[in-house]
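Presented sequentially are two complexes of chain A, the first with chain B as partner and the second with chain C.
Our next item is the complex of A and B:
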């Protein structure tokens, strides 16, 4: 795939990306997201029949099939899309060139819309208000996706179109068993791989409530099965709020494909760990073998405190992210001392069967989540949690768990914000939740070091960028540093720092984090 | 501390959105939420209520009611001593579903289970036209199936506590004609004699 190698950070103030260096290897800076030239190799420009304005679409795959057919197809898409599309298209820019500084200022609202439909082309979910339009679009996309499937046996990953106002819209796809997902995206800071990752999250959510096995059964029985109405109100609501936050307030844990831990003193964490493991041992002696699969303790905002798990199993990050979304939606009930018990299918763990989750909020403001493979295990799990609760209430160390790391700002006065990810444990630490704007900067940095599929170009790489930003005076610098062990994202708020001193700050920060690692991360969890 | 504590396992069944969780919220917290998020799976909670001279600890299963979770329902009513089968007085479909639940309970739940049929959302009935399930119809079903019957509003709180009190009254009384040495209560209003004997002639009962 060829893309224009140029990328623009700013037009007006011409603050070009300054540096992009690689300590170990060679970093190929990639302008993937910020291309504005249409790749002539894979593009056809067509005058749409009912629209005098020039439209163009670029495909992510080179198309080897018959050219005329392709042009027909493209003109169909572009004209149809254009007749559907203006309702939701952001019209405010008349500037024809893709102006990438704008993404930071102007795309505060919803710049993404998610769609889910079945392999038969039936709409399951859409974020468009107008369902008829959504069905229209679904129909077209479905045809197009099938076209590529049949003709090239390739799954179409994305296509891009430019409206007459110069606004770029991308459509990114994910083709799963019986389900197709699409996101319509007007921003240009998220890569195709990242958008596909988000689609995968949506897909996993659907599987979490239906299970792949059930879905297969339903679809094989009747290929035009109406999945939309099979999903419950609850499913629809959760899907909606999941997609809504993906579009407007993406979570840091999604961005970093990881989980967040509650910073705690190791003494407190150990106290909780040992309560979990002793209670578990007591339980197993009394012949409840195998009923308890996973036990998680989190804070009310779903930061991990402790995990108890079988030594031969780990839980997939995305499965837990979905569990946390479900729990978050039930938090008001949980705070009324309700204990929840529900089936959930962990798509990455085993997409054929359901596990059963017991969720309870304890008086020390922790959430207990216990997962079993047996649907009749509630009483036993409830007793297990009750005993843990008693022990936690008795033990003073189990209160006020969060440790505030107040001094990092003093130690690193230039550092505005950072995210540190420990790769081995797939956990992140950040001193505060980044704003949407910060996340966009982080996306930008990360994309420089990742290939098309979202994997790092090099085992270890560093990228540095400076942005001109109207909101904050002066320049904002960012560093992304990835090795096999960690990923570090930093935003610095001083203009006059040399690259050397920026890197030095980053190194010092890493050193500091290593020193307090045992406070920030769960290094092993408790296994049995 | 009152040491005479009776536990009652109680399950709420009924179509989604008829107001089961709202009834529980009213009973437990005397509160109402206009846009309650739907329950996932089932929620378990306990509530103590002081009756004349002893305490009842309700162990409540508030189920989701969605078809998808239906296979889990037996687990919740299996050991239940009481069930609230809830429908929405403005939704005929929900009454049909309630009939099904009553039938299933008689067939599958423990034999002595006390069932209360509850028509919720009474506050929505500004005129008789808004009503979609006739009171007579529900009363008829209650008599045939030996159910307690109430029309409630979780929103205003009308009749909600009464449902639980009626269940609380009925269950120890029932026990007193069995193995339970229950001279503790019930005699003050002399209603023991009014207690109907168990209706075991239910044709659907498997007798196990």
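Our next item is the complex of A and C:
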């Protein structure tokens, strides 16, 4: 079963007309740890509801306003720090992005291309501009892969060209029997293992709309089956946008291979949890047992708020990442108060069958995602969502969910930015979305301790990286700290610090995060 | 058997029929391949290379990783491609393969010239002679690449240098012996411009102290082939355990002993052991090769010169390796053994030409052929590079005089070697990128032929067969190159094999010195692990190369197993420091104000570093 070009979108069942979808407030909430609620752009967002084109514009606008604010705050902090380090720090070098851009260029999308083709060499998808040319390239690489397969009975993992100027071009492969994937990559921060994981993500994405069983059936019947034209336009579009963001705008959750949670007070989280569990129980009593498999509540930017799941099942991170990608791509429609209902195959959960997902945006700026194994459960699920929605509207604690951590910059003056990953729950926390350059730097930090296959050198390790230019002041430095419990990535402020103070700050930060762990992470979710 | 195949082919751009010229295809696993299969493989390699040209230009080399093996492809000269396939078990070690492969080509070009200048017919023969034994030998040594130290993975143009104490004291003045050699050898009226350069190496037989091993000095800063020549020399020393005439002449090779061949044959008796055959195939010298000849060979290898003591041909390096470590042993040797011409026109004329003179293509101002002579004095090897038009070099009187000057110079050196002897609790490598010189305390691998290895022996093409013929198979294992095991039916009362007590001495000495290197404290599996970890840490280096704006990159890594690695790289040099932080007690005592990353390695490192950081190579 394929994802139909028009999802079954139903507006008639939507509850009350929403009044408070405030884009500025929530889409830009990513940097929002520094400021209190600012209610700007309400009119713009109302317009956006009617005109999807405007949405993007609003988004952009809100982001830039957000960065300005950050810079203001930065300069405030800077002035404070300047008194401490008058020589080493100036506004320019402590500017949030200047720290990295000094050494790392923003790279365009030209340095990475994904190719997907079938075992017969037919092109399914490519990011190459000229499709004919892409077909030629696929032909060559298909021959090479088959040569090694047949002659040496082995599969190609990767090959890398090293240029005379130190630039390398990598080709990483993933052979999934019927489908073969390749990524060509000119960037220098992602390791082979990371690229292979991305290929796996792309593959899972295809499976999510075709399912492994269907794919096997199709390909076994006719090995030169044209999968490209079997996929719908929407599938193609989604695939394209996924690959493009993998190439140009890698997401933090992909980098850390985990999910992000919305930081909120335990009181609020518990309120939502209890709404979920009571509704579920009510619902089960009224003869709908087994219809609902998973229920997820996220913020508009796909940060987890709560999860309701069977006690013996968890969803694989990658499956969730794919679900979030699909939802993200449909966000415009969802914000117009529509309900999304579509089949999806979770490759890591069960790659043979489909599950059915109902997605809806609630008035308190959360997204409800309910997943069922029943094909015709739409009405039941919709009713379930409606009841939750009603309860949430009644409950005041379910508004303004995000918790503002205002003072971490003051507490940790040396730290410019950080990412904390809790390994047990596979969740990350970061105070603000890192820029591409920051992420590149974090990749380098991570690579220090990882071999080519992505395994850590040691259960626990600390790595430091420092880049500087002797001619101009300023440096780029960071710390990576991995133990069995957590991973911590820190980008330091552009000042000369002793290792003692760096490590001390890192320790304090970990302590601090541990103290507020219940605010930042979901430890179990609600189970039944 | 880690290396599987080696291929060299030419892919001309103007090639209309799109076929490649196969110049060398050697399969080390003894698989028989049809021409068709060989051409298939070349086609694939070529295809991949051209494919990647779609995405990037100016490619240098390529690393292909498959599930079962890996492959390296180098464009050694325009349109000449050299490919090597090897097992995947230690895939993380691939940079070492790359460095060795690249060096293998450099050695070829040094000895025979650029491939494009050689006719295909001749080229194929030369390639077979050069590449096949080179990789066969490597394959004979199990885990060869795993045992190579981390320095061999960094760059193909870097070579080890001896370290002198004055460098640590920030004194870098030209020493007396250098002045002597310069004035009396290079600048003397007769030699001026005729002797292009003199390269001095210190290659002690024992491998205990890396700081005293390697290149010492040369005199012409324009000598651009120094890395190749140095690596070639050092390569001979580590592969054969010593530098001898045969090694330098290129006639020496490593094979399995008959014992080992039999063992192998038992394991796989359906396979014909290849080495027995080659031994007899290689009889290239006439049988008239007489006892006198053997006597001369004996002399030039520093072997006892009486043929009646033929079985005493326990070569001098054996003696040295067991006794000269204590310093007292060398006194026992007579002077003749201490210095001699290894390669010179003084060698008997019935020997192949390579024993009289090596003709190498080297680069000073331009790339051309020069004559090289080799001379040794104790542990010092001197390479004298002579202009080919200088005919006097074949005169005995001239060589005697030259030898005297060299002797005087190197004696001065031995009077006060000034090696760096201070011990430190960490290991380091400092590489000066431009010169390719590196100073390291990380132990180097050296073939331990003269110790307990009975699986391998050295043979010399042509000579050994005659030897066997003459001695009527008295001792099948005897070889001019080495007598690794003295035959049991021979009485050798006057030259006893080093017995256990002396081994004990060695052992205690070792434990004393082991303070200096963390490598010597580890057992084999730990070493393998450490090697792997270091490869990973060094591997990430290549990822950050293109951040040119950041001209100083520092990284430090501290693992839970005690390993602490610091890596600094800038345009000028690369510094690697390895430390075990478990055993570091001084860590707490350093000042808190320091902002240098290196300070956190401990006080001993920072004191050492502050002394050495501004020092430039000699």
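The definition used in the following text is that the second predicted complex is superposed on the first by the 408 of 528 C-alpha atoms of A that agree within 3 Å, B and C clash if a C-alpha of one lies under 4 Å from a C-alpha of the other, contacts with A are read in each partner's own complex, and residues count from 1 in each chain.
We take it that contacts are C-beta pairs under 8 Å (C-beta built on N, C-alpha and C of every residue); 3 or more make two chains touch, one makes a residue touch a chain.
What you see is a predicted model; the values in this text were computed from it and never measured.
J.: Scan A:343 for contacts with chain B and chain C and give back first, second, both or neither.
T.: After superposition on chain A, A:343 lies in contact with chain B alone.
J.: Between chain B and chain C, which one contacts more residues of chain A in the superposed model?
T.: After superposition, C is the partner touching more of chain A.
J.: Examine A:220 and indicate which partner it touches, taking first as chain B and second as chain C; both and neither are also allowed.
T.: A:220 contacts neither chain B nor chain C.
J.: Which holds for A:375: it touches chain B only (first), chain C only (second), both, or neither?
T.: The first partner, chain B, only.
J.: If you stack the two complexes on chain A, which partner ends up touching A:335: first (chain B), second (chain C), both, or neither?
T.: It touches nothing on chain B or chain C.
J.: In the superposed arrangement, does A:326 touch chain B (first), chain C (second), both or neither?
T.: first
J.: Which partner does A:465 contact after superposing on A: first (chain B), second (chain C), both, neither?
T.: second
J.: With the touch criterion stated at the top, can you tell me which chain A residues are shared between the chain B interface and the chain C interface?
T.: None.
J.: Which bits of chain C are touching chain A when the two form their complex?
T.: 37, 40-41, 44, 47-49, 51-52, 54-69, 91-92, 532-533, 536-537, 539-540, 542-547, 549-561, 563, 570, 592-595, 597, 599-600
J.: Help me check something: in the complex, which residues belonging to chain A touch chain B?
T.: Counting only chain A, the residues touching chain B are 209-210, 232-234, 237, 326, 329-330, 332-333, 336-343, 357, 375-376, 378, 382.
J.: Tell me, which parts of chain B touch chain A in their complex?
T.: For chain B paired with chain A, touching residues are 16-17, 21, 25, 28-29, 33, 37-45, 62, 64, 66-69, 72, 75.
J.: Report the residues of chain A in contact with chain C in the complex, numbered from low to high.
T.: Residues in contact with chain C: 102-104, 137, 140-141, 143-144, 147-148, 151-169, 171, 184, 186, 188-189, 192, 444, 447-452, 457-471, 476, 496-500.
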